[in-house]
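First subunit A sits with subunit B, and in the next complex the same chain sits with subunit C.
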Partner chain A sequence: MISLAGRDILHSWSKFALTGLGLGLLIGVTFTMAGVYRGMVDDAKVLLNNSGADLWVVQKDTLGPYAEPSSVHDDIYRGLLGFPGIAQAANVTYLTMQVRRGERDVRAMVVGFVPGGPGEPRYLIAGRRVTRSHYEAVADLSAGFAVGDRIRIRRHEYTVVGVTRRMVSSGGDPMVFIPLKDAQEAQFLKDNDAIVNERARTANNPALNRPGVPGLLGAIEASQTSGRTVNAVLVRVASGHSPDRVAAELRRWKHVQAFTRAQMEDILVAKLIATASRQIGMFLVILTIVSAAIVAFIIYTMTLGKIREIAVLKLIGTHNSTIASMILQQALGLGVIGFVVGKIAATIWGPAFPRYVLLEPWDAVIGFVLVMLVCVLASTLAIRAALRVDPAAAIGG
Partner chain B sequence: MTSDVGIRIEGLSKRYGEGSTAVDALKDVNMSVAPGEVVGLIGPSGSGKTTLLKCLGAVIEPTRGRMTLGGQVIYDGGWKIADLRVLRRDRIGFIFQAPYLIPFLDATDNVALLPMLSGQSNAAARARARELLEALDVAHRAKALPAELSGGEQQRVSIARALANRPPVILADEPTAPLDSERGLAVMRILDQLASQYATAIIVVTHDEKIIPTFKRTYHIRDGRTVEEVGDGRSLVGAS
Partner chain C sequence: MTWGFRVPRQVWVAVVGVGLLSALAWVATQSGPLAPIPVTVTPVVRADVAPALFGIGTVEARRAYVIGPTAAGRVRRVLVDVGDSVTAGQLLAEMEPVDLDARVTATAAAAERGRSAVAAADAQVRDAGSRHAWAATEARRTDALGAAGVVSQSAVDAARQAEQSAAAQLIAAEAAVAAARRDLARLEADIGGAQQQRSNLRLVAPVDGLVTARDVEPGSTVVAGQAVLRLEDPRSVWISVRLDQARSAGLGAGLTARITRRADPLTEVAGTVVRVEPISDAITEERIAKVAFDRPPDGVSSGEMAEVTLALPVVGDAVVVPNASLRHRGLQQGVWRYADGQLGFVPVTTGAEGLDGTVQILEGLQVGDLVVVYSERDLDDRSRVTVVPAIRGVAP
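Entry: the complex of A and B
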């Protein structure tokens, strides 16, 4: 037996190819959406991995530092260093802001880190680590930074000495790593006017500026401005100690929250990008429905165009199942063309996206099965129409 | 095919619909066609010609009567055949007013499709198709798609298709309608020759004045009743 479906496809291949192409581009968009989500999850993992930390110590009762604001005093890391099971501890700050590169503004997450400590980006694709304690930066490739570039952050110019890859915030902004002191200053400068303001308020407060107590006002002002904070302390656990155990102990004895890497990953994936992933999920549902509608419509019109032939086929004794499978095979054929086009399209345009698009082979397999299912469903309309055709119609009037 | 009976219809009636809107399209029709014989079925519009072909072709069910095809009773107050689809596939050849070829199959495969549907190998089915295309003088167009064939060539391919499974019976509904009189007569010659060559009983429904004289025997149908009329077949004999 010859393949009726195959022959029909070959016969009207241009219609088929064009429909398949259109469907394929739609499927490509669907794959890309899934890839964007996978990329977000993977970015989060890369971010956590590259920090080299085992524990994130943050402000009590917060989910900081990425999902919620967190601030802790910049001296608590000293106390942590003496804590059992902790090998290294270092302050970090995170501040999302506009930085200037040449004439252009770039939105970036500025990370203040202690060179040599946890939080320093571990893998550079170009250049070197920060060695001077001031005005050197390591920046991410995704914003187009290269070694030797000058970045302006607030009032200071930094020289890019190293370049990372795929170090982006959960919002997709490239990270710029600068020494902690500089970063704190950047945050502090932001509040310069506020501090002048605060000083005036303090001086005007009769309770704090008592005539009989010289030095009180100065002490209060000093404590107000010198009490600097950071967003988190990154901790590396000493070998032989369980991060879970150390985190539990920290939560118990220090007035802080401590997250392990697994918990942090959960916060990033389940909480921070949850809305984004629901958004993408919604797109996937709509794109699936649209694809199904297109396949259904095309296969249905193609079948209606063959009603006379189907009546003849039935009259000369073709099984209903043969006719149904012909239509089904055409729908599946369309699906296969669409899948291949979609996969190729997503692979081609994926890298052009501003965010990392991760096309997982396993997603492609699931996608293929889904496309086939959609095609089967979409062909039922046409199959029903074909099965209703009366063989007597072939004999005519 | 070895039977002495090609087609026999006895007391066949067909009523469409029920009650006050019922139409008695066939009323007690009697008719018989011997193997190797081509008979014409003529009558005014609405007289029941197509209805009769549909009953014989087992696509609509008669209301009453008896039909015998190739020596086998297929209907006697009810269908006597379990699978009408197989009956149509293996024992009846259909020729339509328009060729109705499958547009995506070439001439060979349009003919070979039937033997393939009956379970023959592709090679055997195609060999049979080539043999028939040869006999119908369209072998040189064997690889052409229907759209690439002339109207006459298409009609000959569709005749080859009707013959593909060596059916004892061929039902033709106005097969010469789209053809000029020359080609129409040529088709009738072919049918006549095939009928005697393969001992096939052929009924040809027609309005075509030019081919009516070619039948040795014609049935006139009027208001669902048949009248036999003997023709002389002179023109066809003269032409061949």
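Entry: the complex of A and C
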């Protein structure tokens, strides 16, 4: 049996292919939009995975350290290490700031980590891990720094010794890892002018600068310039202990807030990126509706374009079902081409986005089903028009 | 375009269709979560590991002197300024003596008077002596005359009494001289005391050194022990280095150091660990070591920041991997070993680590094993990998 649809496509295959290509690009945009959303969620998960922690211990009554500011004393980790069920605990600081390299500055999240502890970057794509306890940095690829670059964070210059990938904050800023002590200093030590002003202010306070107590002023000044807090303590739970239980015990006894991995993911996904993801979700819905409408109109106009040929077919006694299946097959063919082109296009331009775009295979499957469904629905409009045509139109006007 | 034959349209469609499908297949398998993870591998080799410790410290003088008065008072004059070199014994500053000068004069005058008193007493001794001599002569003569019966017994007795009285007066005069001399000695000691008090107000340099601070100006009142000037021995500068306790294994006196001063970052100078402080900083979790310059650089100043790298003994012929290949799985440290296209996590025990990122492997790996160094994503047991020379986006 001759395939009517195939023959028709072969008859005007360039037109068909170009239509499919255009449709494909539109579907590609839709896929990318879904990918942007998936990427945001995945960034949040990767952020948590890479910290390698089971528990996040933060200031009481805060949702820190990512969603809210949190500060805890940096010696609290010693108490945590003695707590039953805790195998490792490491201080960590997070500070979003501009990092300078030469003339250019990059917005980055500076992470202070303890080498060897949780919070350290889990894998590198170039360079080496930090070996000095000061003034070395590991930067994310998206920051644009290379191994050997000298970057400036507040008062000190750091050498980039390693490069990581996909280490970004929930806002998409690349992470720059530096040793904890340097990070504490960067976070809490003010600039020189502020320090000098503060010293003068203290020196002018007669209660603090007493002639009878020569060492007092120096001691007060020293205590003003030290920062002894961190943003969170990352904890690895010993095997055989439930993170939930340990977190509950910590909350109960240690005057801190402790979040498990699941709670942290909830905070990041449901609270931090909720608005942004809803924004994208709305856009995605509209894009899907628009794509469906365009597919419907394309197929409808294609059918109207060959209405005379359909009338001839009817005239020679072709079954209605044959005509309907021809239009349906064409619609589905268009959908397949559109899906394939869209998937390829999205994969090609995805990596060019500044933030990570994750194209999930399962999303592609759902997308394919949706495209097919939309094509079937769209073709009903065209089929209706085709079946209503009067065979006499073939020989008339 | 004209070929000798006509390609049927079906062929074109088939070619385009197959092309699209193969592109889709490539896209689905080579990107996204299903794609193999690009990794780089390196063989485990034998090499020397040069471990080193790294710390930052501040330059300070081993011997610093605080020059101030021992009693509260007002500063009269300050003779030197910051940066001046001074020699031992040099007068640096002086406190206001208030009435001390007058007291020195008063005690000197009192001593003079004491000396006069001694002279007067001496004269009285001589006077009493001569009176006694005359009385004795008179007594002897009266005795002789009495024996001859020329004078009455009463006259003889009177002469004897006069002689005894003169002897007693002589003893009294001599005692008065001794008292006057002791008084004089006391007054002279008073002068010494007043002069010593006076000289205590002179602040002199205890050693040769450099004036590093001039804390008060003339006219200021200072309490006992408060610094007026500070001195340093510039030849005694060293660096107080703070090293992270977690990375301080092997720290000890005698290690050679490479010192880079923040003020002169391009020059590296040599030094030696002189002492490791017996007390560590419990708050900052750092150990403190004193590193002396082999030759103190010119223009080095106290309080300057310096980066110090301490070389530890080289571990020769060790089994090494790059530290970028070390991964953590849960609480376990290990590496991903690559063999026949398959990955396996091997727990390892590490030894010395060089500043260049080479790590000694004590246990877990053999020379010649291939280990994953860099990977585009985190790896797990089910990861499919493809070996590449360098990860995309990074210069090889």
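In the analysis below, the second predicted complex is superposed on the first by the 351 of 397 C-alpha atoms of A that agree within 3 Å, B and C clash if a C-alpha of one lies under 4 Å from a C-alpha of the other, contacts with A are read in each partner's own complex, and residues count from 1 in each chain.
By our rule, contacts are C-beta pairs under 8 Å (C-beta built on N, C-alpha and C of every residue); 3 or more make two chains touch, one makes a residue touch a chain.
Bear in mind that the values here come from a model prediction, so they are computed numbers and not experimental data.
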Should the superposition on subunit A be reported as showing a clash between subunit B and subunit C, or a fit? fit
Any idea whether subunit B or subunit C touches more of subunit A? C
May I ask you to decide whether A:Asp173 touches subunit B, subunit C, both, or neither, giving the answer as first, second, both or neither? neither
Would you sort A:Leu10 into first (subunit B), second (subunit C), both or neither based on which partner it touches? both
Using the superposition on chain A described above, determine whether A:His319 touches subunit B (first), subunit C (second), both, or neither. first
Scan A:Pro361 for contacts with subunit B and subunit C and give back first, second, both or neither. second
Which of the two partners, first being subunit B and second being subunit C, lies in contact with A:Val163: first, second, both, or neither? second
Touch check for A:Glu185: first (subunit B), second (subunit C), both, or neither? neither
Just to be sure I read the superposition right, which of the two partners does A:Arg308 touch: subunit B = first, subunit C = second, or both, or neither? first
Examine A:Pro391 and indicate which partner it touches, taking first as subunit B and second as subunit C; both and neither are also allowed. first
Touching partner for A:Asp140 - first (subunit B), second (subunit C), both, neither: neither
Given Cα centres, how many degrees, to the nearest 10, is the angle at subunit A formed with subunit B and subunit C? 160
For the superposed model, what is the least distance in angstrom between any CA atom of subunit B and any CA atom of subunit C? 11
Please report the subunit A residues shared by its interface with subunit B and its interface with subunit C. 10
Sort out for me which residues of subunit A touch subunit C in the complex. 9-10, 13, 17, 49-50, 52, 75, 87-88, 114-116, 120, 122-129, 131-135, 141, 146, 161-163, 165-166, 181, 211-212, 214, 228, 236, 238-239, 337, 340-341, 343-344, 347, 350, 358-361, 364
In the complex of these two chains, what residues of subunit C are touching subunit A? 9-10, 12-13, 16, 20-21, 23-24, 27-28, 31-34, 54-56, 221-223, 225-227, 243-244, 246-247, 283-284, 307, 322-324, 326-328, 330-331, 353-357, 373-379, 390-391, 393-395
If you look only at subunit B, which of its residues touch subunit A in the complex? 50, 53-54, 57, 59-60, 85-86, 88-90, 94, 96-97, 100, 102-105, 109, 112-114, 116-118, 122, 145, 161, 173
List the residues on subunit A that touch subunit B in their complex, please. 1-2, 4, 7-8, 10-12, 308-309, 312-319, 322, 390-392, 394-397
